[in-house]
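Read the structure below first, then the notes.
For reference, chains read A, B, C, D, E and F in written order, and residue numbers begin at 1 within each chain.
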Amino acid sequence: MLIVLGIYTVVTKKNLIKTVIGLSLIDYGVNLLIVSVGFNAGGSAPIFTFNEIKPDTFFVDPVPQALTLTSIVIGACVTAMTLSLVIKIKDKYGTIDADKVRRLNG
Amino acid sequence: MIELIYAGVFYILLSIVLIYRVAKGPNVVDRAVASDSIDIMTSVALILFSLYSGRGIYLDIALIIALLGFIGTVLISRYLEGRL
Amino acid sequence: MANSIVILNTLVIIGILLCAFLTVYFENLLSSIIALSILGSFTALEFIMLHAPDVAIAEAAVGAVLSPVIFIVALRKVKGGERR
Amino acid sequence: MRIIVDIFLIFGCFFAFAGTVGIIRMPDSFCRMQSSTNIATLGTLGAVLGGAVYSFWSGNIGTGVKVLVIGMFIVLTNPIAGHAICKAAYKYGIRPDKKFVCDDYGRDIADGK
Amino acid sequence: MISMKKNIEVKNIIVKCAADKFTPVGLVLGLYIILHGHLSPGGGFQGGVLVASSVILIYLGYGNDTLKKTFNIEFLRKNEAVGAIAYSFFALVGIIFGANFCRNIFYKTGNIGDLYSSGTIFWMNFSVGYKVLTGVGFLILLMVGLLHSDSSSNH
Amino acid sequence: MIYLKKTEKLEKGGVCLKKTSLSAVISTFILCFVFYMLFTFAFNLEEILVGAVVSLIVAVFTAKFFIHDNPFYLFSTSRFGSLLRYVLLIFPKELLKANIDVAKRALNPSLPVKPGIVKVPSDLKSEYALSMLANSITLTPGTITMDIAEEDGKNYYYIHWIDVATTNSEKAGETIKGTLEKGIGGIWK
């Protein structure tokens, strides 16, 4: 659902910053999907602490979480880089409307 | 302690009601104020869920949201004042 | 017992979807950024519900601090070209 | 002991409810900010004190101390945001529907410059 | 409108005092999250972002001039490379002692739950935190400085 | 001895930061160490050692922002006692009264509000005292500090008030500040 909304935003909106927001939405949706794959009901967080763990607790799967951690880092960097590209486009063409930029390109 | 999770449900319900103000609010200031309140209530619900689930290490996230949630609001206000 | 946790989870997911819809729906870009910041806060809460505190702490730090700062600075830079 | 935690939680929930109703119903932007501080102070302090009492009672002191520190941070950081957004709202040109009863700020600062 | 008072001086000290109070606390919180990366949630990236947010706090409180005097931008850019070199060095220690790349060695020291109990993971966390700290600080400083220079040249 | 050599004076808006002295570093160090111990809450030797190193680094870096005047100002017993008395006794009473008042106002079907901005004089001088009183006023529901201005050597608050009773600034000051200003006057002048 979140991914569909993000793709809708990327495809239809004209403003370039709105497009970047759509990319960020897709990022959130994919992260939620990946983490919810590794979830099993009744589990606990995969971090060992001393006095809070009872003997019969079991952990959720830690591998998707590590994957998602990398994904979040890369998502933040992609957002920063894309926004700097938008700033550069504004400097060069004087507009951030996607149609006009495309028309100037030819 | 089942009451902790009931209180958490209540806080989240209130913050969903506040999203109505975010959607309808006549200008940007109302949205910023409602967003600040939603941050605070999310943090409180997180404290309650952490206490219910019995892991003290979940509290760090609430600490971060409580300590740094105001930076966004101050930044938005600077933007509105026009001297960013 | 587990039922109330399910209710809490459902409410948080409803909040996430409402925030995402508002983010797409707003024409004003500043309001859209505010809704995105609320979405980050709710998503951190949802990660905690899924017992992933590492991801949640990164999400809170990025969604509460880094992303609004970068978006608002970029918005300030390109403000002449936006349609109000 | 369970009764005490319940009393604190109900206290916090009531004030948060009042603040939310205030934010929804108040007529203009400045009055909505007043209700926002209502949520931040007693609405959270009730829940935080209840949680701290619960965790002290169940024996882990570090968790309770951390909960109290979180409550202190919320109480300390909220008025700064409120002040900044209120000043920005006035500078941005937002005025309520009804006139203010008296408007010293507009008389001194905004017209003086 | 009887008499315009000219000698009113607006002091915005509330945000400034808040920046004063919360900069040490935010720095301590970020360093705590970096150093306890193997015991509690968190680690290099998260703590680095928190430490770098103090840059924003000082900018909000004091403005651009003090920000430029406080943080040396060349220093941050060079030390990001130092962080990357430290990370690869601690990863290469695994190869030297006959294990894989990024393999944890020396994990026998200390008790479980202590601070120094995880071998090279502690030092790798620390170097990642150093790199992210300097990198994100550099990024924020660059964007804010870009904003300021351009707005002054537009006038 | 280790007087740090940051003697540059940073002029910004009439505020000049003093040079970092050793006592300022020590007092910031104590605060950072207390917060580190509150975060970890484990009293090993290693934790204390690492906490000391961390807070020393942070203290050297941020002492020139944190300390405005005399560094050991808060360490006398009367001032610390009045700080505790303010936080634990005076302020919660005002908070409770104002909260019940605003909650009644919000739940009332006819919404009795009468907003306005009043100007209130204050006797406090130092920056921390001014900002602490402003934060307290903002934190009590019903009033929000909008700005602090200085006029003829005296400080004035501009306060948005939800229910304006008097437009006279002295009486409004009595009603709003009440016992808060006396409590703060014992801590910072």
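Quick note on the criterion: a contact is a pair of C-beta atoms (placed from the backbone, for glycine too) under 8 Å apart; a residue touches a chain by one contact, two chains touch by 3 or more.
Remember, it's a predicted structure, so these values are computed and weren't measured experimentally.
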Checklist entry - Counting one step per pair of touching chains, how few steps separate chain C from chain F? => result 2
Checklist outcome for this item: So the chain most remote from chain C by C-alpha centre is F
Checklist entry - Between chain pairs D-F and C-E, which one is joined by a greater number of C-beta pairs in contact? => result D-F
Checklist outcome for this item: dist(centroid_CA(chain D), centroid_CA(chain E)) in Å evaluates to 30
Checklist outcome for this item: When centres are defined as mean Cα positions, the distance from chain A to chain E in whole Å is 22
Item to check | Centre-of-Cα separation between chain D and chain B, whole angstrom | outcome: 11
Checklist entry - Of all the residues in chain F, which ones touch at least 2 other chains? => result 39, 134-135, 145, 147, 149
Checklist outcome for this item: By the touch definition above, chain C meets two or more other chains at residues 53-54, 56-58, 61-62, 65-66, 69-70, 73-77
Next on the checklist: Give the residues of chain B touching no fewer than two other chains, as numbers and ranges.
Outcome noted: 28, 32, 56-58, 60-61, 63-64, 67-69, 71, 74-76, 78, 84
Checklist entry - Within the complex, which stretch of chain C touches chain E? => result 53-54, 56-58, 61-62, 65-66, 69-70, 73-74, 76-77
Item to check | chain B residues touching chain D - in the complex, by the definition given at the top | outcome: 1, 3-4, 7, 10-11, 14, 17-18, 20-21, 26-30, 32-34, 36-37, 40-41, 43-44, 47-48, 51, 56, 59, 62-63, 66-67, 69-70, 73-74, 76-78, 80-82
Checklist outcome for this item: Residue set of chain E touching chain C in the complex reads 33, 41-43, 45-46, 49-50, 53, 56, 136, 140, 143-144, 146-147, 150
Next on the checklist: If we count contacts the way the header does, which residues on chain F are in touch with chain D in the complex?
Outcome noted: 38-39, 41-42, 95-96, 99, 102-103, 105-107, 111, 113-119, 134-136, 138-147, 149, 158, 160, 162, 164, 167, 169
Item to check | chain B partner contacts - residues on chain C that touch it in the complex | outcome: 1, 4-5, 7-8, 11-12, 14-15, 18-19, 22, 25, 28, 30-31, 34-35, 37-38, 41-42, 44-45, 48-49, 53, 56-57, 60-61, 64-65, 68-69, 72-73, 75-76
